[in-house]
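You will see two complexes here that share chain A, one where it goes with chain B and one where it goes with chain C.
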Partner chain A sequence: MGVDRRQFLKIAGLSALAGLGAKSAFELLAPGKVEAALPLMEGKRWAMVIDMRHMTEDISRKCKEACHQVHNVPEFGDPKVEIKWIWEEEFGHAFPDQESEYVADEVKHKDFLLLCNHCSNPPCCRVCPTGATWQREDGIVMMDWHRCIGCRFCMAGCPYGSRSFNWFDPRKSPKDLNPDFPRNPEFPTRSKGVVEKCTFCDERLAKGQLPACVEAANKIKKESIIFGDLADPESNVREALRKHFTIRRKPELGTSPNVYYII
Partner chain B sequence: MLDRVIKGGPKYWGWLIFLAVMMTIGFIVYLYQFKTGLGVTGMSRDVSWGLYISQFTYLVGIAAGGVMVALPCYLHDYKAFGRITVLGEFMAIAAVLMCLLFIMVDLGYLPRIMNVIMYPHPKSILFWDMIVLNVYLLLNLLIGWNVIAAERKGIHYQKWVKVLIYISIPWAFSIHTVTAFLYAGLPGRHFWLTAIMAPRFLASAFCSGPALLLIICLIVRKVSKFDPGEKQMRTLSGIIAYAFILNIFFFLMEVFTAFYSQIPGHMHSLVYLFAGLDGYGKLVPWMWAFAVASVVALVLLIVPATRRKEDTLLVACVFVIIATWIDKGLGLVIGGFIPDPFDKVFEYWPTTPEILIALGVWATGFFVLTVLFKMAVSIKEEVGA
Partner chain C sequence: MYDGGKIIVGLVIGLCLLLSPFFYNAGKAAKAPQPELTAKAKEAKKCVADTAYMRSNHMHLLDDWRQTVVRDGQRYMKTADGKVYYKSLQVTCLECHSNKSKFCDRCHDYVDMDPYCWDCHLEPKENK
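Here is the complex of A and B:
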């Protein structure tokens, strides 16, 4: 949905004042209703193509830094409670169903960038009891940190491990690891006890900007990550998918991921 | 009716005070968890449900198991169970209460719990679980209370109670079916993705619930003048035997499918549980304890001589509870998260605060159970049932 947090609160607050109640606020904010009035970048089905031929350790790191900085993702220095929106994983772990002893050397130890797949058929949205995670009409799987009750059903439902839970208060994350937290005052920090994940930078798309990771990657190597509208046959992503053989993570589960990898 | 609850001997009061202390400790530790965050538990990004949700799952079984007394009584006119149906209903009340508390202590943002009702999302199985559990609690409260009140007055309970009883029987099946659906419909969690999950849950419910009830019946007979009855306990032991055999049979079917098909996703969780995976195996001794307890319980329940003898039957019931608790209250939930979606092993073990909170919830359940049973048994003693 093309509203940022402030607008969300404004609409929710106003409708509560007007006696509309929370239910109608939800209806008002239902995907596609308010969109038209807001400066959303056009797109019907957002997708990402990651060109692994161009990806390097440096690019992956920059992508991760850019994302986690712009979204105030804290660093806890402990894999047990870590929060990650985008991260690296070796081929065998990114594609465990494709694992083989004899994978090409260059692929085997390459770091694959992983993030939310913004599935066309997302199990996380299906299992959420409150609609705190839902799918926009343009395919983005969104997260409302103000509605999430922290039941973590979505984490059990996601077959990609793309969701993180705030086991502690991010504002109390270790100071030595997060010296200037929160680094982006424009973006909200989360409270403890809610789930979060990548939202394809919906806040940047709304301003007509590319997702932070795409921007960071393309600064180093042009077209190492391509982002665009899958519904448009002439789009950059469709062209890339026509030209190259791509794979997706666990397509056999029927979730229809929208992040593609050129090997 | 409730006045009977405050008349009791030193042992009764000592037990209640002990439970109250455990509840207080649990509550204080919960306040700490509430303030600090769920990071004080052993749960992690990879194993995102732990002791709380597995206790919840186990206790839904105990709650549903109570129906194994009501069903023969009301659907098969097995009159002997009429003496103890109310005990099954009161056990269900305590168990459902614990289920709800375990869900609550597991939530990251408890103050928002009403969002489940304010923004209902019927596609989510959790929404339906909330409905079936709360209705089941209400049904058992209404039925249990009215049946025992009528018994006190020496009259037959009202007709509408009978209607509720008939509703409550299939409803008991629904609570554990819906709870199984929480797990059985998730893509990518192979250990849970099995059509036999709900039947497995029901089989384990119908042995663990009656086993606990039978143990409580033996205690009741020892500490009160009310005798639940020889015949009743013998029938219960038969039910436990059949359900436990089914439970183990279903489990072995899972083992067959996983290992004969040799599909890694289906095998890995079982391998982790029983042999360890990639050098990690915290649950291995527990799962073998489950296997041993199951075999002991099976032998004691199948051999007629040991099933009919009270002390060996008691041992069998204790082993049934141990086996089903390890299987469902530990292995099933944790095993489902290992290996994680990246085919890596990140182990889970509950922390001290987590265990104390869980014990606090169990104590709350036993407190309610004790009080309700005290009331029911006192009334039964008075009317000389």
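Here is the complex of A and C:
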């Protein structure tokens, strides 16, 4: 019995499909690699919920201190050349789209803790010409300071002002403002001419620790900042978002920020 | 050839000037320096890879670490004998090789290498 052209093509097509299927099944079912044994904290989409009902000036200040200490962020004493990973801003500036003349007093005069939103659709990454900033698989918008050429497109692209440029060598920051700079011997400084920003403490997550600001805030008031995986429906952040009404900064821009504020 | 004698004399003088540094420095080549190990490094006996590899390829290893840590988030490395290392120049390498001036700089100076790692990565505090 001969096989005609039509049958041959059918058989060939089916075997190709089966082959592809078997290959992916094999890859899926293959035993995990050694990474499983290493202390990695894994998430699909990291997010932060800041509970503004609990936040006080003291907590905000401690968060800022903790972050800038851990990451060797220098203080220049001039807002024009300021380097900031996490900072405070009043309601009208943080949420200009929600601003009105008659915002509740309590909210109006409260300092909101702001940081990189680690957007799901980050405009900074789209404009970076060297790939020095990109979105990791776990949602963190990362910086590779080795690759940054300091063009500052990302600073123009970010609608939240989350990025700072090193106009000067951080190690030459004024000694009176930074007496013991650099304060964390385990973290690098940056060099003149690169952009920097919050990385959701990726180096701490890798060790299974929470971001420095979260740790600092929760030391003073438990659950004032909640950090977790948004992709997991059972996670602490998802629970907080289910229970409370939250707002995000400028969501209408379509960047899909991942830092939420409970008002 | 007009003024041939002058030209040839000029050429000889020029050639001598050109080669004078070679004659001047002949036989005076500086000896290749040996990197000095700290007590801690000596005690450990083994680096993250064997010495011959580290000697010739540490820059490639560090470049690979930089790539995999920053870009891929893989901060730990498992060696063939099952040891796990935190991949960091500043934390892991310099923990043993805390004598940067005698371990890193000596050879780098000798081969006129000026790696810009230290623009950002902190150098260990040494008692010089």
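In this text, the second predicted complex is superposed on the first by the 224 of 263 C-alpha atoms of A that agree within 3 Å, B and C clash if a C-alpha of one lies under 4 Å from a C-alpha of the other, contacts with A are read in each partner's own complex, and residues count from 1 in each chain.
The criterion applied here is as follows: a residue touches a chain if its C-beta (ideal position, glycine included) is under 8 Å from a C-beta of that chain, and two chains touch if they have at least 3 such contacts.
What you see is a predicted model; the values in this text were computed from it and never measured.
Asker: Between chain B and chain C, whom does A:Tyr260 touch in the aligned arrangement: first, second, both, or neither?
Answerer: Neither partner.
Asker: One more residue to check, A:Cys158. First (chain B), second (chain C), both or neither?
Answerer: first
Asker: Between chain B and chain C, pick out the one touching the greater number of residues of chain A.
Answerer: The partner with more contacted residues on chain A is B.
Asker: First (chain B), second (chain C), both or neither: which does A:Asp202 touch?
Answerer: So A:Asp202 only meets chain C here.
Asker: Is A:Phe91 touching anything from chain B or chain C once the two structures are fitted on A? First, second, both or neither.
Answerer: neither
Asker: Quick one: classify A:Ser191 as touching chain B (first), chain C (second), both or neither.
Answerer: both
Asker: Report for A:Met142: first if it touches chain B alone, second if chain C alone, otherwise both or neither.
Answerer: A:Met142 contacts chain C only, not chain B.
Asker: Can you list the residues of chain A that meet both chain B and chain C?
Answerer: The answer is residues 191 of chain A.
Asker: Which of the residues in chain B end up touching chain A in this complex?
Answerer: 36-39, 43-46, 48-49, 103, 106-110, 112-113, 115-116, 118-119, 121, 123-127, 130, 182-183, 185-189, 265, 336-337, 340-344, 346
Asker: Using the touch rule from the top, collect the residues of chain C that touch chain A in their complex.
Answerer: For chain C paired with chain A, touching residues are 66, 70-71, 73-76, 78, 84, 88, 90-91, 116, 119-122.
Asker: Going by the contact rule set out above, which residues of chain A touch chain C in the complex?
Answerer: Within the complex, chain A touches chain C at residues 34-35, 37-40, 136, 138, 142, 144-146, 182, 185-191, 202-203, 206-207.
Asker: Quick check: in the complex, which residue numbers of chain A touch chain B?
Answerer: 22-23, 26, 79-83, 89, 92-94, 96-97, 99, 123, 126-132, 147-153, 155-161, 164-169, 191-195, 250, 253-255
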